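Given below, in the form of structure tokens, are the structures.
What follows is chain A paired twice: with chain B in the first complex and chain C in the second.
Take a look at the complex of A and B:
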């Protein structure tokens, strides 16, 4: 059963030029115990989806969806308190920038201890509870691969390196033993060795605790090494989703193919210094979104029909929305 | 190949005599380093955080002065006094900063941003400067019209191109870039990589860059410098270094990267 199921999520932003659809019928579902990757470039609305799930949208945004459920319960119909309860125990989010999302005026240790749920602390006198909190916090910090716990716990966010901050954010997310971990670009700016450590940690948690992970980002190398399935987002539209093996072997949407081609490590036969395959142009801004398939102006296979939004089609559990998919004969 | 630049026992340490401070500050010392850069070659600097990569880049382009050691140029220089050499270095070695969006002055139009280095380093007239700016804009794949744009009107990729244009405008022989690809999205990143490759082919530039992305390093670098804790621990040709890493730090970096790639290949 799907843990988190989102269908036709549309998010509109109120601007001077009227309502703009930042997310246009995005679909996403995370099954129990799987690692799902959400791939897209900046401005594609990845982070908006994360915020929509966590319920942290500002009031000038309007959210509509056909379905948005957590273990079968409708998230949109819930009141703030029920929503908070889910966010407290079941879903944990690692936000993008550790420096921006941690409290700059409180030490890291205090912040981590504060987020330990009271059920875990047990009954006892306040000093016993305090001790237990500290124990849980230190254990977690070790678990994510920070060795010097004393130094980190007594530091303020600006005093630590960004990769340690990133690890610390992961520790904070894991403290409530969630069922779903949403990691928003957790490996950004990390060197290869640290990145592999973090990915191994995720994989281990996934296997031992059956933690579902929604891995948001555009580091395809990291994603393809650990995810089970992948959803590709372009400008607020989900263009393709399915098991990662299939997507890599036979991408149907031109954008997925371009993304995969853009990483030189994926192609062993590529001679050094040869030009890489790219899509022309850049991602359109929200004010100038093309109609229909939003990839249209950059796509080399685009034809007249592409000004209409393509419907979602499927082959087994491989979903795509394109009028002229690759690897098929009708184009 | 002809050597362009070489550095001998280049050292930098930021420890100043602190008479009144109670705590002993943690010292970080870069070097002493020896390195050389040849004409039209691409050198990648890799290494962990706080290994002194960015510091080395800044030393190379003369943004900070080394506390000891010297950088030598194997070219005709304009003068021989220390000030002349420094000025020469600043014109010949240009830098691209990590986040192009943050390194462009938001209050100036692109034309003025690009004219600034010309105003400071040459005595061209306004008309000549404008012509040169337009020439460079076209060279990096932008339009002449972008002269009148403000930085916020451009996309990430275009801003990166402007940063590239700013580095190119003085006709340097070496470009030093601090993580030029890190903040970019995959498709824009490939475009930038292609741009660098094309410019190198056309202009015969040397390109020194810092990167975490070993996939790209492997693709475009001729030679790799591995840094750890302020020291160069290994240098070598890209192919050799990826196949037979010698130092522990290099082994760790390369095997971490390879393990990801291998997992990918077993998938496919």
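Take a look at the complex of A and C:
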């Protein structure tokens, strides 16, 4: 059974030009114990999906979905209290901008200790509990690869480097021992060795603790080496999803293919000095969304039917939304 | 941290120096003799003795003499009563500070919660009524408000007294100049009764002064709460499953208050000005009342000293609040420049 299952998630944002569908019938399903990658260009709405899952949307955003369940329980029907309990214990989120996600007026140590669930600290006097919190916090800080725990814990957010902040946010997320970790671009801007360290940590947690991970990012090489499945997002629409091996070998959606081709290190068969394959044009802004398949204007396979939004079709556990998919006979 | 405190000290000393220079030039600008204006003494010989200078002293050595006299509290005497001005100021400044303090306290006690409530649930009816009320409060001129209060509560309803700090028949001896402290220190009086009486006297002036500061505070706190509750770290805290109360108390309130303290520092000037206006309406024996008397009687030495004292008090208070706000805000870089 899927841990997190989202079907036809639509998120509308109230802008100066009226309500705009920033997410249009997006689908996402994370199974227990898997690492799922969520990829897409900048501005495709990855962070919005993360926001939608974590809840508490501002009033200028409106969310509708056919299904949005956590372990079979309908997230949309829950009251704030039940939803909060799930976020407290089961789902942890690492937001894209780690330093902005930390309270600037409180030391990092205090913020981490505050996030330790009360179930973990046992009974006792408050100073005993405090000591226990501190112990858990230091252990975690070491786990994510920060050596100088004393320095970092007593620092304020503006005093630390951004890669330390990224690691620290991962520690904050892991403190509740969640079932699902949602990491929005957790390795952005990190240097290679640090990045490898973080990815290894994710992989290890996934294998030893059966932690499910929704890994949001651009780095296809890292993603293909660690993820089990992948969901490709384009302009608020999920265009293709399935096991990563299959998507790599036989992408069905033109966008997935273009995305994979645009990562040169990703292709072993690349002849020397061949030009980089990229899609023409850029991702449309939310104010100028094409109707139907949003890839339309940039797609070389597009035909008249593409002004209608393609339905989701599936081959085994490989989903795609395209009228004229690649590698199939009916095109 | 010591470096920052030193910088503020430097700022304080320089600003006070400028104020003293200004009060010195007033001696030349006011009508009459410079020596009389600087000391309040009629005869030049006495004035020179008071300043400890020769009659042929130049502008600069006169300033040095005036400056050192100012530092040791030799501020001259009143040209009307002949009393030393320093002790007169010492009598009336506490009354002004006291009224200002209670007005600020009332503004904070009412203003902060109102601002928080309005900012936490924006655009709801509670927010709208608080916002509306603060707009109305903000647009009352303080002297008019004070007179309306006198008309309603003192003259028509006769609930509250309209002048003074405490019933004179109670004979509270002046020791510190702060009325509640003096009541506590006094012997042979009915302290409970005196306390209630002083509170009654305090009520209307405090309310008149604090209304505008309260309105400013409500709007500032509301705005700042609104901004803070939208910050990514609040959203991140929500997604960690902290309750709304935890989020507000641990992360929201503190960050919303940080930008308020500098605003308060700026409000001190307005507050003291309003206190001085209200004082003359309620015959509150503070600096405003005293200065107005001095102006009526063309007591130039007293005007000079009064301006010096009020300006000095405002500067000291402003810098104290600035230092406080610097101390509680960890994100303001340690090497920032100081300014008020």
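By definition in this document, the second predicted complex is superposed on the first by the 324 of 331 C-alpha atoms of A that agree within 3 Å, B and C clash if a C-alpha of one lies under 4 Å from a C-alpha of the other, contacts with A are read in each partner's own complex, and residues count from 1 in each chain.
Note that a contact is a pair of C-beta atoms (placed from the backbone, for glycine too) under 8 Å apart; a residue touches a chain by one contact, two chains touch by 3 or more.
Small disclaimer: the values here were computed from a predicted structure and weren't measured.
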item: Chain touching more of chain A, residue-wise (chain B, chain C); value: B
item: Partner chain in contact with A:12 - chain B first, chain C second, else both or neither; value: neither
item: Partner chain(s) touched by A:104 [first = chain B, second = chain C, both, neither]; value: second
item: Contacts of A:132 with chain B and chain C, given as first, second, both or neither; value: neither
item: Partner chain in contact with A:249 - chain B first, chain C second, else both or neither; value: first
item: First (chain B), second (chain C), both or neither touched by A:32; value: neither
item: Contacts of A:221 with chain B and chain C, given as first, second, both or neither; value: first
item: Touching both chain C and chain B, counted on chain A across the two superposed complexes; value: none
item: Chain B-touching residues of chain A, taken from the complex the two chains share; value: 41-42, 161-163, 189-196, 199, 218, 220-222, 224-226, 244-245, 248-249, 258-259, 261-266, 268, 270, 272-273, 275-279, 282-283, 285
item: Chain A-touching residues of chain C, taken from the complex the two chains share; value: 230-233, 235-243, 250-251, 254-255, 258, 329-331, 333
item: Complex contact set, residues of chain B against chain A; value: 47-50, 155-158, 182, 185-191, 193-194, 197-198, 212, 214-216, 218-220, 238, 252-253, 256-257, 259-261, 263-265, 267-268
item: Parts of chain A lying in touch with chain C, wherever the complex brings them together; value: 51, 54-56, 58, 84-89, 91-93, 95, 97, 100-106, 114-115, 156-158, 172, 176
